[in-house]
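Before anything else, here is the set of structures, which you'll find just below.
Note that chain A is present in both complexes that follow, paired respectively with chain B and with chain C.
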Partner chain A sequence: MPPNTSHDMSSTNAQTAQFRQRDPAAAPRLLLALTFLLLLWPGLHYSELDLSVLFDSDSSSAMGALLGNAWPPAHDQAFLELLWHSTLETLAIAIAGIALALPVALLAALLATRALSRAALHQNGSPALAGRLLRWPLRALLILLRSVPEIVWALLLVRAVGLGPSAGVLAIAISYSGMLGKVFMEIFESVDQRPARALVGAGAPRLMAFLYGILPNAAAEMLSYTVYRWECALRASVVMGFVGAGGLGQQLELSLRMFAGDEVLTILLVFLLLVLLADQLSRLLRKRLV
Partner chain B sequence: MSIALRRVQVTHSAACASPVQALAEINLEIAGGERVAIIGPSGAGKSTLLRLLATAQRPDSGTVELLQQQPWALGGGSLQKLRARIGLIQQAPPLPPRQRVVTAVAAGRAGQWSRCKSLLNLIYPLDVAGIHLVLGRLDLADKIFDRCDQLSGGQLQRAAIARTLYQQPELILADEPVSAMDPVLAEHTLALLNREAQQRSATLVVSLHNLELALRHFPRVIGLRRGRILFDRAAAEIGEGELELLYANEQLLAPQQSPLPQPPANRCC
Partner chain C sequence: MKRVPQTPRPPLRAAGILILLALMVAVVAAIRFLALDFSGVMEPVSLQQMREYFVQFLQPDLTASHLQAIGNAALETLGMSAIGTLLAAVFGVCLSLPAAGYFGRVAQHCARGLLNILRAIPELVWAALMVLAAGLGPNAGTLALALHTTGVLGRLFAETLENTPTGPADALRGSGGSRITAFCYGTLPTLWPQWLAYTLYRWENNIRMSSVLGFVGAGGLGQMLYIHLSLFQQAQAASVILTMLLLVFAVDSLSLWLRQRYLAR
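And now, the complex of A and B:
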């Protein structure tokens, strides 16, 4: 039909005319990049980053001393035995810390989540006022638990329970229950809410609505996040060793202080192996479940 | 009286548009054991009416009485007890994809079982025989240990129906229960719902798109249009004219008039 064709022609013309226009997103993007660079400068200034220190004669000789005797890595019988015990200790700290954090996180997430509000069923998904007021302090508690870094908890706890792995376990349990709780809560709220609402609508108690309606959809994501957190706990337990919370970190700090480069290298290699192991484990679990 | 609605009004307040009146001044009485079909064009308020009967929607005004109880005057615990006696089959089956059919069907009794029993059932299915029986009646017995995401759309809808039948409610509500099924299966499923309701003298209220199915399977038919009851009578007494009036497309008859209000399910924002 002729009128149709002419319409098509004119619209094609309009399109080519539009193509000659400049990308409307270009200016905002350029502005954003410039702002970012402007913000970067004071950041560099205030953090007092000075790369020339690296090539200073004092620091390079210290680094040289450490690196000079790094090869071959320490492998005498006594040191390896010591290392084996520290490695087990680090693993134990990470596992025990996560195991303690999990029940606390689950309970807090269950109580704080909006997903299990009974009122949400007939109010278009928004919970009752009383429920919202009760959930607030719990959310605040979760924020408090995780806003203090685990290293600070470890420093406090080393004073309270003394040097050793138990301070590390408690520090991980406290800060990771906050993190796991917050993320679990968000997972519960992000999965499909209809199954749980349907169950509450059929008279089921809320715990059962959770177990039968939300958990099947959330379990894989929860597991994968928990394994990732376990990997983080492994690394954190090494850092916490520096403040006396046991494990590989404590060993690393001793070797660093004695400028025993070969021992440092061995410890770092063991550490690499541990993280590799955690990565493989989480990949395996995810493949089985997701 | 199984259902008694008096001057019930429901208004959906959308954030970005003027409030839509989904149900206006509904008066309705359905006796125990009655089997009723609700028909009407899209956006007529069928889903809202069923959600209202399932206590998933609170009325803005008017009184709702279900199974001799006023749900919105009850406390939380008693309301859950009442809800356990009402089963709603939803348009989109609300079954978690990673759950097995046997567990999804068993969840129908979560309102009646003790917490202990429901917990144990998660570890090991306690009533495989009973669930097998219900699934068998829906021709789904071989899928009992399959995961829900392995079922087709029609099979999933039947699994959801099996859950509601397993719940053994006194009031069975179904919102477009056969929309994902082929004609033969739809026929079979509606007949089954009717038979189940008759056997257990439960009340059955079903919303349907298909007129013929409604007239063939249900003794009483209610026509809903723009949130109002247009007619409410025995299926045999319904005339051609009434059906035409029910489905009359205003835009075709009078193009200058404003379009019908959108169905509440897919509001914007």
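And now, the complex of A and C:
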């Protein structure tokens, strides 16, 4: 037996011994899993989970009544006319809401952005203290507007301006001006800053610096994001109807309350179709505009 | 004299201009259709009423008993979102295997159709349906979140399943491993981190969502807000809204911190 074989053997043994060492990630993983389980236990208590209700929906229960007359979907003339009107209303709420949000968002983004700061030219891109202090409350306002969910705005506004689509339009306008404003501001600050800086440095008014230095680079992204948000607003306006803000959602809520399963089914089908069409349209628009 | 190379003339974007015109027409038509008329709202009397209404929100009710009720509702909201997401992850895995084509084409189309339907119906509509099926309370909200999120996660899981490299699983099959072994040791390890990331991301979304599901009676902070607003108790409603905001900010900053700590490396 040559002497180097035993040497090889011992080194393989050392290697297997090394492999048998415990998994270094075992302790943190175990700890994480235990924390999860500990957190989930009260979650199970608070959520009062009971899956069995899904399966014992006999015909005496509300769900049974709803499912019982769900087929065929409602298709009488009067209901379809009503549905057509609600669908148009939903579409119009989304469009008008975004149209109201857009100018507010643009103005807020222009005021809050750092990209057009004169002082930033000489100070390595950081604006003057006064400018920062003035921009801060505006940024906070934008955060507040978009952090309250749109349906909460709708609920508040239904009580302020009354039931109907105007509450929905205002709710979308308020929360989406916050969202669009923040994103516009970020787009202004993320495009190439050199044209705008050159213009500001050469003494151009800041609105001109924006129009000629920033807007050409930012317009495509801004449009594409706005169209995407319109699609979101369409979905949101359907949901907002549930608190009385008009459109398909309000119709759906009424039909649900009357246990009219066939109407619920028709409305859901129309809603799915609407979302699908909006998705296609928004894809087409984004491709053409960008 | 050197000639400056001419830059090509930018194309006239007639289509773009037409689209913009169409958009403007759509906006005008929408405002006409809704007959939006804010002149009634802008009258001094109604402006005064509106100001009185919104000023009442500036004095949130911070008494101990109300805060305790809010804390309870917030825990309910968190519990609903956590259990709903967990259920959705389990069902999503179950549906993603057929949806990725593991059990033949027929099962694939059925599973995809089911996932599409689950995903297309918004959480709030599911919640309204579940309140009918399961009664008022957080159980309905949990089920609604689980149903919608199953659709979302199932599709995402199926996509990762389809895009994962088959090499390791093929090797295990080739060396005589069973299908289950090949899946567990060849496919699952590469998928696992991505599935976990998707699930956590949806949980974040669901926390936000579960705080408003209560508007249709599905428990949590939303139900509390709805009740207080219906009773015209603006001060109590204001503190519920503040709690919602705090919850959203806490979740946002926690997820940002986790992302920077664990994903930036």
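Everything that follows uses one rule, which is that the second predicted complex is superposed on the first by the 227 of 290 C-alpha atoms of A that agree within 3 Å, B and C clash if a C-alpha of one lies under 4 Å from a C-alpha of the other, contacts with A are read in each partner's own complex, and residues count from 1 in each chain.
Methods note: a residue touches a chain if its C-beta (ideal position, glycine included) is under 8 Å from a C-beta of that chain, and two chains touch if they have at least 3 such contacts.
Predicted model only: the values in this text are computed from it and were never measured.
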| item | value |
| --- | --- |
| Partner chain(s) touched by A:L82 [first = chain B, second = chain C, both, neither] | neither |
| Chain B versus chain C as contact partner of A:L111, first or second or both or neither | neither |
| Touched partner set for A:L141, first chain B, second chain C, both or neither | neither |
| Residue contacts on chain A - larger count, chain B or chain C | C |
| Partner chain(s) touched by A:V275 [first = chain B, second = chain C, both, neither] | second |
| First, second, both or neither for A:L254, with chain B first and chain C second | neither |
| Footprint overlap on chain A, comparing chain B with chain C | none |
| Residues of chain B touching chain A in the complex | 54-58, 76, 80-88, 90, 92, 94-99, 103-104, 107-108, 110-112, 115, 118-119, 122, 164, 167, 169 |
| Of chain A, residues touching chain C in the complex | 39-40, 42-51, 53-54, 57, 61-63, 66, 88-89, 91-93, 95-96, 99, 144, 147-149, 151-152, 155-156, 159-161, 165-166, 169, 235, 238-239, 242-243, 252-253, 256, 268, 271-272, 275, 285, 288-289 |
| Contact set on chain A toward chain B in their complex | 118, 121-123, 192, 194-195, 197-205, 207-209, 211-214, 216-217, 219-220 |
| Chain A-touching residues of chain C, taken from the complex the two chains share | 15-16, 19, 26-27, 29-31, 33-34, 36, 38, 41, 50, 53-54, 75-76, 78-80, 82-84, 86-87, 120-122, 124-125, 128-129, 132-135, 137-139, 141-143, 208, 211-212, 215-216, 219, 225-226, 229, 241, 244-245, 248-249 |
